[in-house]
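Below: one structure in structure tokens.
The first chain written gets the first letter, and so on, giving A, B, C and D; residue counts start at 1 in each chain.
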């Protein structure tokens, strides 16, 4: 049994890590920290974990953990990570702190300096379908953003196959749980219910993240216009991506391209009609793509809290700890 | 043209008053106050009012208004009302400050002293279907609570007809706009979406309000158990009320009782299947009731912001100002 | 009082016409036909119309109507229209039968021959903001599609101002009422609830309609890729449109372009954040647009049953009948 | 590995059985039948099962199965069960065919004769928390109704402890997936979205089922008024139950009563605030209860497709097959 800890256990990603890990065959939750709930049983504040996570929240983690998930907000994580790595613990950071490899890009998009340039440089982007071998070797993984996961998985095969131009438009739609657990005017039900709200058009932090990763895997300079919309649902992301072909390509070619990329992947499937309901509550991603004249429309659907956050982090942890990659994640989506 | 003012124009009930009154044939919005938005155009912060309410929010109201709607939170209204009444303006208070006629009941349910006992005693409960003649004569109306409106309209005819016992169980369901515009954990979309949340069971402030009004109209001592639930919809209340017959009564008798009570009412209809969608965005209320052995199940459906708040206030204002009672309110519900 | 009739009064657009017209100051609903409900009172099957539309559904319309709304499915309307026009009645067809001016285009997109080529040629596209003078003179209006209305209003100013290329990508999102009242697997709540469903990608009938109208107003050959998505809400459309600049244009220029086009329009407003909730239950459309490098993202938000169907039809009827264009439509959206 | 079959694999309960069983450690899905989809891969029609259930639907089941789940509509199951039992296979019927032990009650509530009186008499009601030992010994289990499960688990402890009167009012709320996968006017999204729809008031088939079971476990003649409401959510039931105390009982007594009943149950937890989100996508049930004067309000929350259908059936199968009762079901609810 590998021993792990979670820093920031009361937020949505911390809770979702606990939900997944509490029935993981090879990993044991040794400790979860929470400033406001220290001393309380996890299952008393999050009653759905009753019988599964009955330990108490603590103020700090014990030593000698195999891996720590840092589930704190952007800007906080980079204060925790250096000491953890220094003590020999592997780290998966759930925030955006270690995703952009460049301190100046970080400052531009996150609004403050990065204080851990060294580990930022060494961190690996935790998308196993594209960076599996690097994840295996690193001690510090930057867990991908939810929108970024859906969008990159939907579009990377076309860029890698070199059949599309670098200019990509992404019209993404997310459930409200992506905004976290702190109440705010935009996530207030009477405001976002019975509507769809575009926000951060062209200025969302996942835009440079998507560009950075697509550039890395395709060796091209992708130029992404990213337009997120808030959906009146709790979980799920659908990313609708518009690309322009630079070669004559048929739908059969498209199918071959995606099957070559994902044919052996346990969690990514190429299907005719990607659907949020098919993947919700699972670590699966459904992708699809079709040609319309000189355009390709590509879709990616995930559960933003699982493949878009905590499930993907567990997938990375499995790889980093030498476990079976699918351990604890091997369940289908809800379907209905 | 009658001139009115709105104190507290940025909240949901203030905005809804503006939405209704801006096309009222005989009433003109002279001023709307707002502490945080004073100096801004109403239609700049609430863009749906563009072309309809293009005045600016002010810090205070001008003199010589015919009527003022006080749309501030509980506890604030009673600081505004005495001066308004003193200056000869008619007042409709949208909060709970003037609904319970007893300062000790007020203190018990609202948690602080009532500072305007005199006007509390004189205030009239603004439910025109039951207190029309009193509303006509008063200068101070306590606009009913949303749940209270749906529940009282659904049950009062049976109590007035003296066919049911005093013990009433009310299982009420409300859309989230009833909670107002300030974000909170319960109204956070990921918490209340895809769920139904019971809250304030047996301790909601509308429970004594319902009891007080039902006792007044039926001369009986009703004993209400009120159990509100938060629905994952924006607008609408359905109140499902359980009563026990004390006489042999058929469904035909029930129909007669409701038609006697509401047959000439413009806004309350007795129908087979009361439905939120049929009344949403209108001042209408649909009620229904059926006998099951010794029980009656009665339903009341309203739009919580219209008949449950601002529409009802306008209906009262029409009566108080000697206008046609239906003026500015004479539109059907959305249906779909 | 102008006398109108509605053919097909039980569907969503027929019901919505009744909801709007029953309080219209200058128009009277003389008759509504329905095959399945003939002989029943309208307000018995659609209880939200109680007290507003208490006439009975009939099998056919009387003579001597000023105007008839044909609210039947595609393919049915063209069987009704010739006789109506022949008898001197003005006609507004709510279906797609008279929108594409070309019988071969009609056959390609609707799958069967058009049997009324003559009136097809004479029909006017009922979007007053672009075809007001033509609507005034015609006897036959093709009421625009819901998606088409939101998309054309959002993008036409940029094409007319000649600042964008002809290639347009439209990512549109619609509430479920757009699908009409007949149950189907896609509109089954457990399928479409808590999800967003792309459908008819690149093959929706509004794609050629949008292209046809944009080409007409801009004299350019627009090439539209139209990707509709089904939202888990009842009413409302948001159309997110992606265009490419062909000139250096700033956000200030954009604002001027839209204000020049719509500054005097009663129902179309250019705002920073177009929102479905701001227009729902009203004939209003909110549009917005911003520049991102060489791209423009333009939004259009409407209530699909009002400005996207029955409200727009009433607006056209007002124009055709010489009434005030805003008569019966002059109410703001719900806001909340 | 135990071998099981599913008759009627394309419906919601059949699909949910497959979703759960495909990762069950001790059970193997040997065959799934479907009339319309025979010959197709399960994971081609239900893509969320890709990689999990890649067998083909068949027309009939093979012999030598350990257990068969009959997931066909009411009235169909009783044609399948006798032969299955005759061949020595254990059977769990998901429909209502074997729940009411009395052929005359069956005829009254289901509208047609029961053709398998013998097995009806022998069948065991598959609620393990109340009938565990009987389930262990039987070959035919009637899987409980979804509403019945939530309601019985919420109220049975009070009746067994003999602290409440026999008269019970149940105000139940269910997500739309409870209605199955066939489209219908009531489950059409524009009708049931943004609303809550009461239906089958006092005439729902789960009313006699609840009465029958409560009478069986408490030896009293419970008299239930059951009022179901359709919620605009996909999954989840909340049953709000109103009972009257016949003894002086405190909230502490209530807690003891429930803990005595469920303290050792793996899937039923007594909590302060039972919540649908806490149990969704799991076999868990949360119950709660509080005293208000002489009344008790008791809540039960489940996922209607898991503890309310397929999860409970798997729990019963585990018991019938001598497996660990929690096998394949040991995961917490989603929480968010």
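Convention: a contact is a pair of C-beta atoms (placed from the backbone, for glycine too) under 8 Å apart; a residue touches a chain by one contact, two chains touch by 3 or more.
The shown structure was predicted, so the numbers you read here are calculated from the model rather than taken from an experiment.
Between the interfaces B-D and C-D, more contacting C-beta pairs are found at B-D.
In terms of the distance between Cα centroids, chain A is separated most widely from B. Separation between the centroids of chain B and chain D, computed from CA atoms only, is 40 Å. Centre-to-centre, using mean CA coordinates, chain B is 35 Å away from chain C.
For the pair chain C and chain D, the distance between mean C-alpha positions equals 45 Å.
Shown for chain C are the residues in touch with two or more other chains, namely 12, 177, 181, 190, 194, 232-235, 273, 275, 277, 336.
Of all residues in chain A, only 169, 171, 173, 190-191, 194-198, 201-202, 223, 225, 227, 229, 231-236, 238, 240, 242, 273, 275-277, 280, 290, 292-293, 295, 297, 299, 336 touch chain C in the complex they form. Listing the residues of chain A that touch chain D in their complex gives 12, 15-16, 19, 22-23, 46-52, 177, 181, 194, 234-235, 266, 269, 271, 273, 275, 277-279, 281-282, 284, 286, 305, 330-336.
Interface residues of chain A facing chain B in the complex, by the touch rule stated above, are 12, 175-177, 179, 181, 183-185, 187-190, 192-194, 232-234.
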